[in-house]
């Protein structure tokens, strides 16, 4: 067996390092593509060897790192991480293909950062030690920061710093929570350990419920801010909007907040001082994010900003599903992460293509693009439809699962969130109508359709969206297995 | 025997005078002189304590600190000399390139 | 021979002084290599003697894990500085003086590290101070260097007077200058107001060296004014001396007054880190920025005095070594840039360390830019660097001790610090260069590589360093 | 036959000591006058002229006349002189020599074979003390020179400073070398230790260094660069006239006498006498002091004579001599003395 | 004593006021410039050298009295020679650097 988990980190990292030293754009893009394809190959290997019938950790590796602190380099893949790794590995090669023809400064850094990002995100997914986890968690900040800061739009500096400081502070507070967990467990067991699973398991034995709450809240704060959900979201619209297309897609692929929620917070949740209250709080946040995101998206004039807010709305589903705390609602939340990654990639790619061809993102300045850009329009349609939850596309499966099964525990919030479906459909259709159809706006000028590479890359992703809409089981199965394991913890305590 | 507190009082007084002088003077040489005063008041303390506790450490310490004070003054004067050559005075107020 | 490292350092210094006086300026470059060799030998000797313990010279010198660890710190700094200085001193007529002072300063610091007696502590402290005063003003033709040196001197001299006065009270109340004996006899000090006075004076004295707010006034000026290699020594070495002295005096000699000095350090640490970071944000001179960031780092390390658990002490001690590499390296990188600016005569010549001169450094001097990036990320505490491990230990132990509020302040501060560090990285990599690529002098390159290696090795393979730091903390426990 | 010391004397001992001290001060003043007279006479002899001879027998009363003259001269102070420094400088110079005097034994009496040094105080560190006190006079000189606001004076003071700085070190080193032999810093101890062999024979280099440094310390020719009448118009003392000058002059001569005492005590065996002399009730009272005085006067005459035997050095020669020749010699002598001391002590 | 003497002088000596008498003496010519001249740098170097070696002597004094008879003779002698030896380096350095030469 290959040490897949480590290789998944190492391969993109090595390719990234080499890419930084390339001279021409061709070399950079080529190497970047090669690296991402290699990663994809590894991921597929892992996927094919993956046993989705068990919630146990697979491809597990562990090396002692700092024994005196109980730090190990331990990595592994299970049903929570596998789909997300898959998502990353699939989208990134197409992202590179998509941007193949774009002209930009310092392409070597651009592609190098993309690969670094991939390595960091996968690193977060496979890490089984808090320290390793945190290291990769922080590492994701750096490429994104520079992505926005260098190749972003007009307000890029502001946006990049805002994003950076926000999420960095949040993750530092999470770190403090991790410290608390670490020391409390040290006191409990007498041996230091940073192992995620062990610490999460130890959590229930801490005597002071105040301590447990403090730890839980500070850790989940980091995840929620990264996700993001409603009160912690204000970095999102700026960063998503100002980022270059590839940057936006990378933001979309940054599923580490939700992953942390499933991996760390949910198993801990039943053992907090008042799980009911926390579940309700989460449900409230999720439902509110869904509605709030949709409402705000409704009144956006900027296409990209609109998509950004719709992304916020979608993230609400993740939280709501988690709060549902039933195997299927949690699986829905996980599937929402997965499908959201695919859908939003298409949407941001489309928005990026529109901006590069027409030079504007303001919806009112567009119009009738379908006539000049039919291929884009078709692909974008798929994305929009999936985003608004049209049955038969992957977005529907996720939303359906979340709504249906969260209703068991949180009926009020679900009913409230259902409002959003109408709104979402409204702004999506409205934007589609104004931008792509209708009267051709002469101000846009003479424009041509997207190039074939872009068609290819977006097309593949669109096909996946459709495929998973019809047949979610390849990923959903493993999600359900793991969700059951998580939820069974709660059942033991009676939640 | 003179009570210990007399020595301590004197030392404290000298120390305060020195500290006050360092705070208020702008001339480098005067500042060095004030610093020497502070160091010597500490020496006075050390010697006084030494004789009252019947241990020798204090006197040895004073000896070393005298030597160090001399070396310190030497280094200080060297710096002031160099400054004087450049600015033609050693008024500390006029040295303000490095601010913020 | 447990004092072999010290002897190696002093002997090298004396030999350099002597043969340097007989050499012509052109051949004096050899002296730099000689100094490096001497420091390296001392480093090897120290590593060899790790784990040994002894008390020598009528209980005045204590060789223990703490002293060995800090000797390592100082020697590592001296190594980096002396390698980098070879280029700085090229064609200088004062090479031997420079190295002699560097080595004597190192010797003084090593003396402080192993002092078991306040007399030795004070003398060694002053030896290091005096040497660094002279080094700070080494550029006799540069008004900034002189101004920095002068401020450093005045405040340093005041601080040593304060310290001496404080020590005199400690001596008077306990009747001894031996640190263990003071700890035994400190009961009187604890009940008497004189103890409080002594604590205040001592904190002021050491605080100057550690550059804690409000005793920090000299630090930005001296760091900015001095030649960059010297700033490196000041920030990375001399500051640590303040810490090891404070470790010895407060924790080992005056545990009876722990309540008092702990309170003082609590306030100082919180204020220092906040002040340093806030002010650093608005700096345009990189050296000054690094100086303020150094202030902030001192604030973090001072948390060790506040928390005082074994883990916190380990963290503080570990931090000193990490900081030595990070800050030392960062100043060396600045030295390389200053060298580039002055030798190419491009950019802002008046403040050669101006942020604008770092524009496009990634293209002009890739190695300098890359290592600077590593250093600033390490300073910001980004994994997997030494800075991260250090912060991890220190902040986590603060949580452990139940002082979450201090940890939150520290964590917010380190988030804030990222702001100006990232700006520097942006200047280096993402702004267009205003010149061609320039060959890096290999001396700077070597020094930078040593520092980068230190930062990364400590971050990735931290176990042995952690063990050393734990052993050292054991001495204080 | 031992002499009984009456009981009632013992409580009076401090008074006796005080009286001795006062007598010593008087004696030293008279001796200083004598030294001036001696210098004039001796100089005259060397130059084959008469010297003072009108006032009194052999001109012995010349000094009194001079004193009267100085007392009645007008006390001039230049307008732009700094009065504080100018007026009070004398205090430093006089007090320097008087403070030195306190620690120097000018002889000893043996009563019942027990030695009683004739000194105001007997401290353990008298050598160190004397050196420290002798350095005070440099403040006086510098105050005068700076206070006079006269270029000649200032130049003289600068030179004085450079010279003193240079010779203080060899002086100190040679004193240390002497002290090493006895392991004590007390003059009494040191001179007592020379019962068998005088230090001048044990440490000829040390003696040379000490003597030269002492000459420089006292500002005697060939080391009077601070005055150098020909170039600097009496140097630091240019603006000093009348009795102010007189006091400075006086202090210098006292300094010279005390220096001669030091040479005699440290290197020429002090007042050591064979034990049969010491045990003799009459000789024991007189002979040691007499011995010492004879030696001292001899040294004094050598010092005076040297004035006419060597030309004045240029300031750079002076400084070179001290730093580049005397200092190494003094260090060498120190090594020698330590070795010798260990050898003899073993 | 000097104040006493000066007091006597004040009453014994004659006074006459003439402007010329109170000017600074400069070999008869009218004084020019100020006498507040700066030290020559040579003096400074000598002062530093003096400080170094005087301190050396300062340490020798107490050593002299204790090195014998306390059972530490050999180590005390060795240490003092080491001390002097180290200073010797400084001395040679000063000499070589010309700090001990009056005119450069």
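We call the chains A, B, C, D and E, going by the order they appear; numbering starts again at 1 in every chain.
One rule holds for everything that comes next: contacts are C-beta pairs under 8 Å (C-beta built on N, C-alpha and C of every residue); 3 or more make two chains touch, one makes a residue touch a chain.
Note that the coordinates shown come from a computational prediction; the quantities given were computed from them, not determined experimentally.
Think of each touching pair as a link: the shortest run of links from chain C to chain D has 2 of them. The set of chains touching chain A and also touching chain C is empty.
Distances between chain centres, each the mean of the C-alpha atoms, put A farthest from chain E.
The most distant chain from chain C is D, comparing centres defined as mean Cα coordinates. A comparison of C-alpha centroids places C closest to the centre of the full protein. Of the two chain pairs shown, B-C and B-E, the one joined by more C-beta contacts is B-C. The geometric centre of chain B is 25 Å away from that of chain C, both derived from CA atoms. Remark: chain B and chain E have CA centroids separated by 20 Å (rounded to whole angstrom).
Look at where the CA atoms of chain D average out and do the same for chain E: the two points lie 17 Å apart. If you average the CA atoms of chain C and of chain E, the two centres end up 38 Å from each other. Multi-chain contact residues of chain A, defined as those touching 2 or more other chains: none present. Chain B has residues 60, 71, 78 in contact with two or more other chains.
Touching two or more other chains at once is no residue of chain D.
Across the whole structure, chains are in contact as follows: A-C, B-C, B-E, C-E, D-E.
Those residues of chain E lying in contact with chain D across their complex are 1-3, 5-6, 8-10, 12-16, 21-27, 33, 35-37, 39-40, 42-43, 46-47, 49-50, 53-54, 56-57, 60-61, 64-65, 67-69, 73, 77, 80-81, 84, 88, 91, 95, 100-103.
Across the interface of their complex, chain C is touched by residues 11, 15, 18-19, 22, 28, 31-32, 35, 38-39, 41-43, 45-46, 48-49, 52-55, 57-58, 60-61, 64-65, 68, 71-72, 75-76, 78-80, 82-83, 85-87, 92, 95-98, 100 of chain B. Touching chain B in their complex are the following residues of chain E: 41, 44, 47-48, 51-52, 54-55, 58-59, 62. On the chain E side of its complex with chain C, the touching residues are 86, 89-90, 92-93, 96-97. Residue ranges on chain A touching chain C, taken from their complex, read 65-69, 106, 109, 131, 134-135, 138-139, 142, 145-146, 149-150, 161, 164-165, 168-169, 172-173, 175-176, 179-180, 182-183, 214.
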